[in-house]
Amino acid sequence: MKTKNVWKKIAGMGLVLMLSATALAGCGGAKSEGGTASTGAGAAAGTGTLAKIKERDKFVVGVKYDLNLFGLKDPASGNVEGFDIDIAKAIAKKVLGDENKIELKEVTSKTRIPMLKNGEIDAIIATMTITEDRKKEVDFSDVYFLAGQSLLVKKDSPINGLKDLQKGMKVLTAKGSTSAKNIRASAPDVEVLEFENYAEAFTALKAGQGDALTTDNALLYGMAKQDPNYRVTEETFTEEPYGIAINKGDAEFVKAVNDLLKEMKENGEYDKIYEKWIGEKPKK
Amino acid sequence: MDFIGAYAPSHLTFLLEGFWLTLQVAFLAIVFSFAIAIVVGVLRYANIPGVSQALATVVELIRNLPLLLIIFFTYFALPEVGIKLDKFYAAVLALVIFEAAMLSEIVRSGLKSVEKGQIEAARSSGLTYVQTLWHIILPQALRRMVPPIVSQFISLLKDTSLAVVIALPELMNHAQIINGRNVNYVIPTFLLVAVMYFVVNYALSIVSKRLENKHA
Amino acid sequence: MIDFSILFDHWDMYLEGFWNTVQASLLALVGSFVLGTLFAIFRISPIRPLNWIGTAYVEFVRNIPLILVVFLFFVGLPAMGILLAPFVAGTLGLTVYTAAFIAETIRAGILAVPKGQMEAARSSGLTYGQAMRYIILPQAIKVVIPPMGNQFINLVKNSSVLGVIAGLDLMYFGDLISADTFVTFDVYIFVAIFYLILTLPLSMLVSYWERRLAGSR
């Protein structure tokens, strides 16, 4: 009967599709950046990240892809570069002996803690400010960069600091960042709009959707460098100490990272990285 | 608007890489959601006590939620109850769940649309319920459902763009990275991205029309 | 099991998001209905250029992602000098996108009305426009209510895209609350419940209407 043949054809096609789908899933999963299957067994407890890294022979770290100077993906070369990446490479070198044994994954202020907790990444090195609240969720290394929150405005903007922010003005930032919390506290009259990441926020600012963008001054300098139509206001109204975030309960790994940071600060490697990206020697 | 800068060869390659991931996610989601939808649709049509009702409730709940919310769930919320997925599989799972629910309704109405006369004729010729389903009802139902099913696949392909909120490196995500470099790239890049989605989806809808006519 | 204190602590945020979602959906519903009807008429109009405009619009918009349309309104338009607040840009994007689907639904509805009606109307002296308004469209609209109901449900679900451009909707506030409390599961369960409060009743209404129509045939 005609229907029987048609049905057989459909079933056959379906089988082929299923097989190719699973095949694709296999290589698609391995190829695409976000596609590696979860390696998070036991990551919740955080024990033995160091052992895991050594076993895998790769240090998987979450970094930003949209912040000039700290973590920026270049669509032309496909590389992600920045201060945070160099720190990550130094860790890979210390633990595995080769700074290239590293896998970078994009994180945003919103996604970084979930990704660390579910084992997708070994550590977060993504302009993450150490706060008491966050300490309840993750463990931090020592401070590896000290920034302060500030404002990014158009070159000819009348805004020079917090005091110039008036009711009715809009300030843009990223969801889940300390900048969002702080600006609401420091300038309660102002409307705060939060976006998925800083790239979106900056695009929105450039489109005129806000009067200022707020986050750490280091990041703002990176943005101003990309687009000279914008400048960073002088005063910083908070202190933002950056730390490397590691899963709770993994004192071994935290100590290893802290030891490395201390070593780098003492042997000048830290200063070199700092100067490379920030353009001046770190203030002691 | 800077078309030349936006369409630099490296940018075009970058967009195509994103598009390739989009297609991978869509393909996987289509295959698995279709398979599940047929099973669920048949189970609901067969009116198995208990099972059909339970499925009906689950399907109704999922169909009435935003896909964006389901994506958030599979990626951010599931880890809190122990299921940890990376972005790619979280996106695929979310799409499979949502689209399977939508497709199962299409399958169910397709099954219902097969004339009772056919079923009665088949049963009285001695075919069992399952045989009737497999050889008579399902094939006819599937043929009728080609347009709405392809339409749902097109939706699926477009919906992969929602995964941009979990930073899945698909097409929209790559477009935003390019846009972030220079605000004058925004319109040219988005236009190109629109064309890319359009070409694939329009082709799918043409295939759908052809299939429809062939089996009319 | 589920931490209800999160709901109570952030009740006003949930409510504001809920209310904005309702507003965006209603505004987009009305807007896309009007726009969709217009394009539906274009597509069946005897004037060739209008046909082309209608078809181009519907075919193009239906095949591109909603989030892209919304981004175009949010950051694309400003590049051409038109600046819209997030909520407005989002709602307009929703409207323009949904209109393409509604245009098809209404076109199908109009085509479902027997041809004889239009001829009879014209031969009684009505102009094309009057025939449309008083004879064809009312009948078409009755047929399209279930699919329109489905479109409204889709609108409510799609309005979640406003959360991505800081549109102050339910998803947006869900994100903020989640970032504030470091909790995701419970926060988004409540968001889901709020959406279901809107979509489930609508879904039941649509089913009811569909059954009524099937019965009246």
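By letter and in written order, the chains are A, B and C; residue numbering begins at 1 in each of them.
Convention: a contact is a pair of C-beta atoms (placed from the backbone, for glycine too) under 8 Å apart; a residue touches a chain by one contact, two chains touch by 3 or more.
Only a predicted model underlies this, so the values are computations on that prediction, with no experimental measurement involved.
*Asks:* Among all other chains, pick the one whose mean CA position is farthest from the mean CA position of chain B.
*Replies:* Farthest chain from chain B, going by C-alpha centroids: A.
*Asks:* Closest chain to the protein's overall Cα mean, using per-chain Cα means, please.
*Replies:* Central chain: B.
*Asks:* Between chain A and chain C, what is the separation of their C-alpha centroids in Å?
*Replies:* Between these chains, centre-to-centre, one finds 36 Å.
*Asks:* In whole angstrom, what separates the CA-based centres of chain B and chain C?
*Replies:* So the centre of chain B lies 20 Å away from the centre of chain C.
*Asks:* Hey, how far is the Cα centre of chain A from the one of chain B, in Å?
*Replies:* Between these chains, centre-to-centre, one finds 31 Å.
*Asks:* Going by the contact rule already set, what residues in chain A reach two or more other chains?
*Replies:* 114, 196, 203, 207
*Asks:* Two or more other chains touching the same residue: where does that happen in chain B?
*Replies:* Residue numbers touching two or more other chains: 76, 164-165, 179, 183, 186.
*Asks:* Which chain C residues sit where two or more other chains touch them?
*Replies:* 75, 79, 164, 178, 184
*Asks:* Looking at the complex, which residues from chain A come into contact with chain C?
*Replies:* That would be residues 109-110, 113-114, 133, 136-137, 172, 175-176, 180-181, 193-196, 203-204, 207-209 of chain A.
*Asks:* For chain B, which residues count as touching chain A in their complex?
*Replies:* Those residues of chain B that touch chain A are 8, 10-11, 14, 21, 24, 27-28, 31-32, 35, 75-76, 79, 84-89, 134-136, 138-140, 142-143, 164-169, 174, 176-183, 186, 215.
*Asks:* Under the stated contact criterion, what part of chain C meets chain B in this complex?
*Replies:* Within the complex, chain C contacts chain B at residues 59-60, 62-68, 71-72, 75-76, 79-80, 153, 156-161, 163-164, 171, 174, 178, 183-185, 188-189, 191-192, 195-196, 199-200, 203.
*Asks:* How about chain C: which of its residues touch chain A in the complex?
*Replies:* Interface residues on the chain C side: 74-75, 78-79, 83, 85-86, 164-166, 172, 175-176, 178-180, 182, 184.
*Asks:* Can you list the residues on chain A that touch chain B in the complex?
*Replies:* Contact set of chain A toward chain B: 3-4, 6-7, 10, 14, 17-18, 21, 24-25, 28-29, 32-38, 40, 43, 65-66, 73, 75-78, 106-108, 111, 114, 117-120, 196-197, 199-200, 202-203, 206-207, 226-227.
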